[in-house]
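Labels A, B, C and D are assigned to the chains in the order they are written; within every chain, residues are numbered from 1.
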Amino acid sequence: MNGVTRDERMTIAAARLLWDRAVCFVGIGLPSAACNLARLTHAPEIVLIYESGTIGAKPHVLPLSIGDGELAETAACVVPLPEVFNFYLQAGRVDVGFLGAAQIDRFGDLNSTVIGDYAHPSIRLPGSGGAPEIAAHAKQTFVVMKATPRSFVEQLDFRTSVCRPRAVITDFGILTPAPESDELTLTALYPDATVEEARAAVGWPLAVASEVDVVPQPTERELATLRDLHARTEAAHRRPVELPI
Amino acid sequence: MPTLSLAEAVARFVPDGASVALEGFTHLIPFAAGHEIIRQRRRDLHLIRMTPDLIYDQMIGMGCARALTFSWGGNPGVGSLHRLRDAVEHGWPAPLVLDEHSHAGLAAAYTAGASGLPFGVLRGYLGTDLAAANPNVKSVVCPYTGETLATVPAIRPDVTILHAQRADRHGNVAIEGIVGAAREAALAARAVVVTVEEVVDELLPLGNGVLLPHWVVSAVVHCPGGAHPSYALGHYPRDNAFYQRWDAISRERASFLHWMERHVLASADYRSFLASLKDAA
Amino acid sequence: MPTLSLAEAVARFVPDGASVALEGFTHLIPFAAGHEIIRQRRRDLHLIRMTPDLIYDQMIGMGCARALTFSWGGNPGVGSLHRLRDAVEHGWPAPLVLDEHSHAGLAAAYTAGASGLPFGVLRGYLGTDLAAANPNVKSVVCPYTGETLATVPAIRPDVTILHAQRADRHGNVAIEGIVGAAREAALAARAVVVTVEEVVDELLPLGNGVLLPHWVVSAVVHCPGGAHPSYALGHYPRDNAFYQRWDAISRERASFLHWMERHVLASADYRSFLASLKDAA
Amino acid sequence: MNGVTRDERMTIAAARLLWDRAVCFVGIGLPSAACNLARLTHAPEIVLIYESGTIGAKPHVLPLSIGDGELAETAACVVPLPEVFNFYLQAGRVDVGFLGAAQIDRFGDLNSTVIGDYAHPSIRLPGSGGAPEIAAHAKQTFVVMKATPRSFVEQLDFRTSVCRPRAVITDFGILTPAPESDELTLTALYPDATVEEARAAVGWPLAVASEVDVVPQPTERELATLRDLHARTEAAHRRPVELPI
């Protein structure tokens, strides 16, 4: 089990949070990898909804964009984008929403809009996309993002999404909200991570549970499946396409 | 429904200062039309798109835009849109007024525009700073439950431009695959221009596969390949490698301007643009 | 997604007192399901349909209904629904509470229900007596223009029953031809039952032709011919002659009851119902 | 030109009001006959929208219902019903709406809901269907209905649609709103109709224009086309269909 990267641990930890037949609203990147890993391992009937309107997609390689042809070609159905947000997300038909962001605060609210002042930002980020409504309407949300003192912050520069995640999967382990306070608390570490590492990576005084679990090592199957998926994906995205001329 | 050249269609339907929606959610993005707008040196446009994507990054960097209505402004799966960032962060080449929404909010605004309603309603925005940052976001109280819901004003572009796989000679337009908000954006607009991979005698089967009937379409332009580096399902795949290359091309003003000069401005039309990419490969 | 017999599906999903929408606008009306509800002697149902059509005329005449939400209650191209009229005009066989809308209003109410919104907005009703006759019709003021628009409360049926041409073994449902408000009525409901002409291994092509994905469908029932005398495009045409004959059959209580007894109650299922019609022809 | 029925005169008069490429929201019955007659004679590119969602339909025989398969099979596109009312009618994309009713008043408002009191009607009529929004959103509306003192009334039993029709085509001739008062006024008679007949058929003191035109006789082509259409239609609707068993 040597050479397991933190990205792999994050992806596998996120995949384990999913169950068969769960309806997931999937974002691009690590969440998409986690959802498809779950589909290829313990949750074959998981339903993946991408905001492009591809419902029940079963991509063979991970999409680079939220609307790659792979998604439409493998979807159970393709619906107009307003229907995805109205008839599926807002209507409460989504069990799990995955979110990432540039900043998260100790209660799980997210910033993906700007660093600095909105009118005169030092860094203009991509913006909200579907995040505010995913956070509001999915029955539960999981946040997946790497921790640094600049991303796990006391005070958000901008509140893009009001989010109370069931769990935050990060690159040292997992934070979950404390029963009363709702404050995100360290409840699990990867086998190769420490509480000190976690405290150093978080920009607020990190609460630590009385008992911190150890996230079980990836199984051979999880790791092999994930690495195959990534290998297929990178090969596909590198492949130069014939120009349509 | 006239069939025009792309140059004629842009000249006729995209005047300086117009509000313009080039829609297509990742799929069927009308790149060729955007390049023609750049070639014709349009200015002060109010650009509208859920995801500005590379095409608006290019149009903003070339100084076509005064304002941008959008809901997610990144290079999908890659990172930033550097020209969009440069305009917002440093006002280069010109300041850019932002009208920023969530996807759900912008979808509701297009739908309201297409429906002839003055506003759209959604459960959203409440509690976020976006509602405070965008004065267009307001609210109504449900007359049955008393619940407060967010509202967005209807969007009515002067012109919406789409790319589609097929039109017939009457001007009926058909799309397969991801549709995004193309239908709503088109029906919300005062004029609709559609560039297509192919023009066929008859769309068969007619019926449920048709996106727009002929009489709502202002002009059809035959423009094969016109969505590249986006894609047309059944015709050519998304050029993900190009989307990745764009990060380096667009990162610096000089390299961006050099690329636009060499490939877009120096090309008479989209076929020669694609040929110039082929030569450079 | 279980495949059930029609009797099982009605027993499980249509209890006495339920609010039930059998949708399908002229096309794909689920007659077989309506007949099974009659056979199982359901009572106090709140029936919901844009156009009650013959199927609700039969259900109302057989005493299944307590209330009716609708927007046009005639026999298309023929005249009255005599059983609906008898219930409203004379309370036979039971009084019927009406929740009456226009087509646009009921479409907005279904769409709001499917969207998880508490109300729908439209330009309509204003100045008509229908707004006064139906206390469910209210209004909101546009926060941008100050215009007053009509509102309708969202409709959330306990169960929506549709008929479709095809489902696959996963439960994905596909319709071609006229869709009406079937999608909105289904997605607004707490449970969705679909009777189909055929169950196939895979719906090809998947994608844009699919009306409902498997996981929103509660049960699929294989029921060929189940839309007659309505129709299933590509399978059998609308039996316009039957719609014309229904006027005489249903005009008098006695002739109506005799026909229902002979053809519906005396038949174990829809195949034997159709057989009994064939014998009578 | 003997044997021209009043139904035929009404249908042909209504068809003549339409122009090529006009977008018409079509009701079942005489309006559908008039619109298709126009399509088969002087307006081949007329766009017929039926509320069932069939847009640009070119039926070979007249539909009995608003949603016959003939409409879907010949339509330019078929859209969900909510889109017909939102994206086409309410959005102002319809040039002409045709309406009929059980009662009309002297300004053109219509009743298709009840005769008598709404709660305890003597006659329960089918109801509004699409009429209120057609009357409100079509750029202009034409009403087609036969006149009797019980249908052309001083006072509607129920106001289903607020309508200011450009013209009312009836079985003695045509009423149009007077310039100032908007009161429906007799402005044209069929060649075989009289002012006395018109006055007797209308339940209010009928205003008569100073000059009453004569509706030109049907042309051979109009009459032949209409009679062929009706003959095809009746044959088709009488034809017993194979039971799906």
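Note that in this section a contact is a pair of C-beta atoms (placed from the backbone, for glycine too) under 8 Å apart; a residue touches a chain by one contact, two chains touch by 3 or more.
What you are looking at is a predicted structure, and each value in this text was computed from that prediction instead of being measured.
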Greatest Cα-centroid separation from subunit D: which chain? A
Give the chain pair, either A-C or C-D, that is connected by more C-beta contacts. C-D
Need the CA-centroid distance for the pair subunit A / subunit B, whole Å please. 27
Chain centre separation (subunit A, subunit C; CA means) in Å: 41
With chain centres defined as C-alpha means, what is the inter-centre distance between subunit A and subunit D in Å? 57
Which residues of subunit C are in contact with two or more other chains? 111, 116-117, 122-123, 177, 179, 183, 207-208
Can you list the residues of subunit D that touch 2 or more other chains? 72-73, 78, 86, 90, 137
Every chain pair in contact, whichever chains are involved: A-B, A-C, B-C, B-D, C-D
Subunit C touches which residues of subunit D in the complex? 28-29, 51-54, 63-69, 71-73, 78-82, 85-86, 89-90, 113, 118, 121-133, 136-137, 158-162, 236-245
What residues on subunit B touch subunit D, complex-wise? 114-117, 170, 172, 183, 187, 206-208, 210-216
Enumerate the contact residues on subunit B facing subunit A in the complex. 25-27, 50-51, 70-74, 76-78, 80-81, 84-85, 88-89, 100-104, 107-108, 110-111, 122-130, 133, 177-184, 224-225, 228, 231-233, 235-241, 243-244, 271, 274-275, 277-278, 281
Touching subunit B in the complex: which residues of subunit C? 116-119, 121-123, 138-145, 147, 149, 151, 153, 176-177, 179, 207-209
Footprint of subunit B on subunit D - complex, ascending: 21, 23, 47, 55-56, 72-73, 75-78, 86-87, 90-93, 137
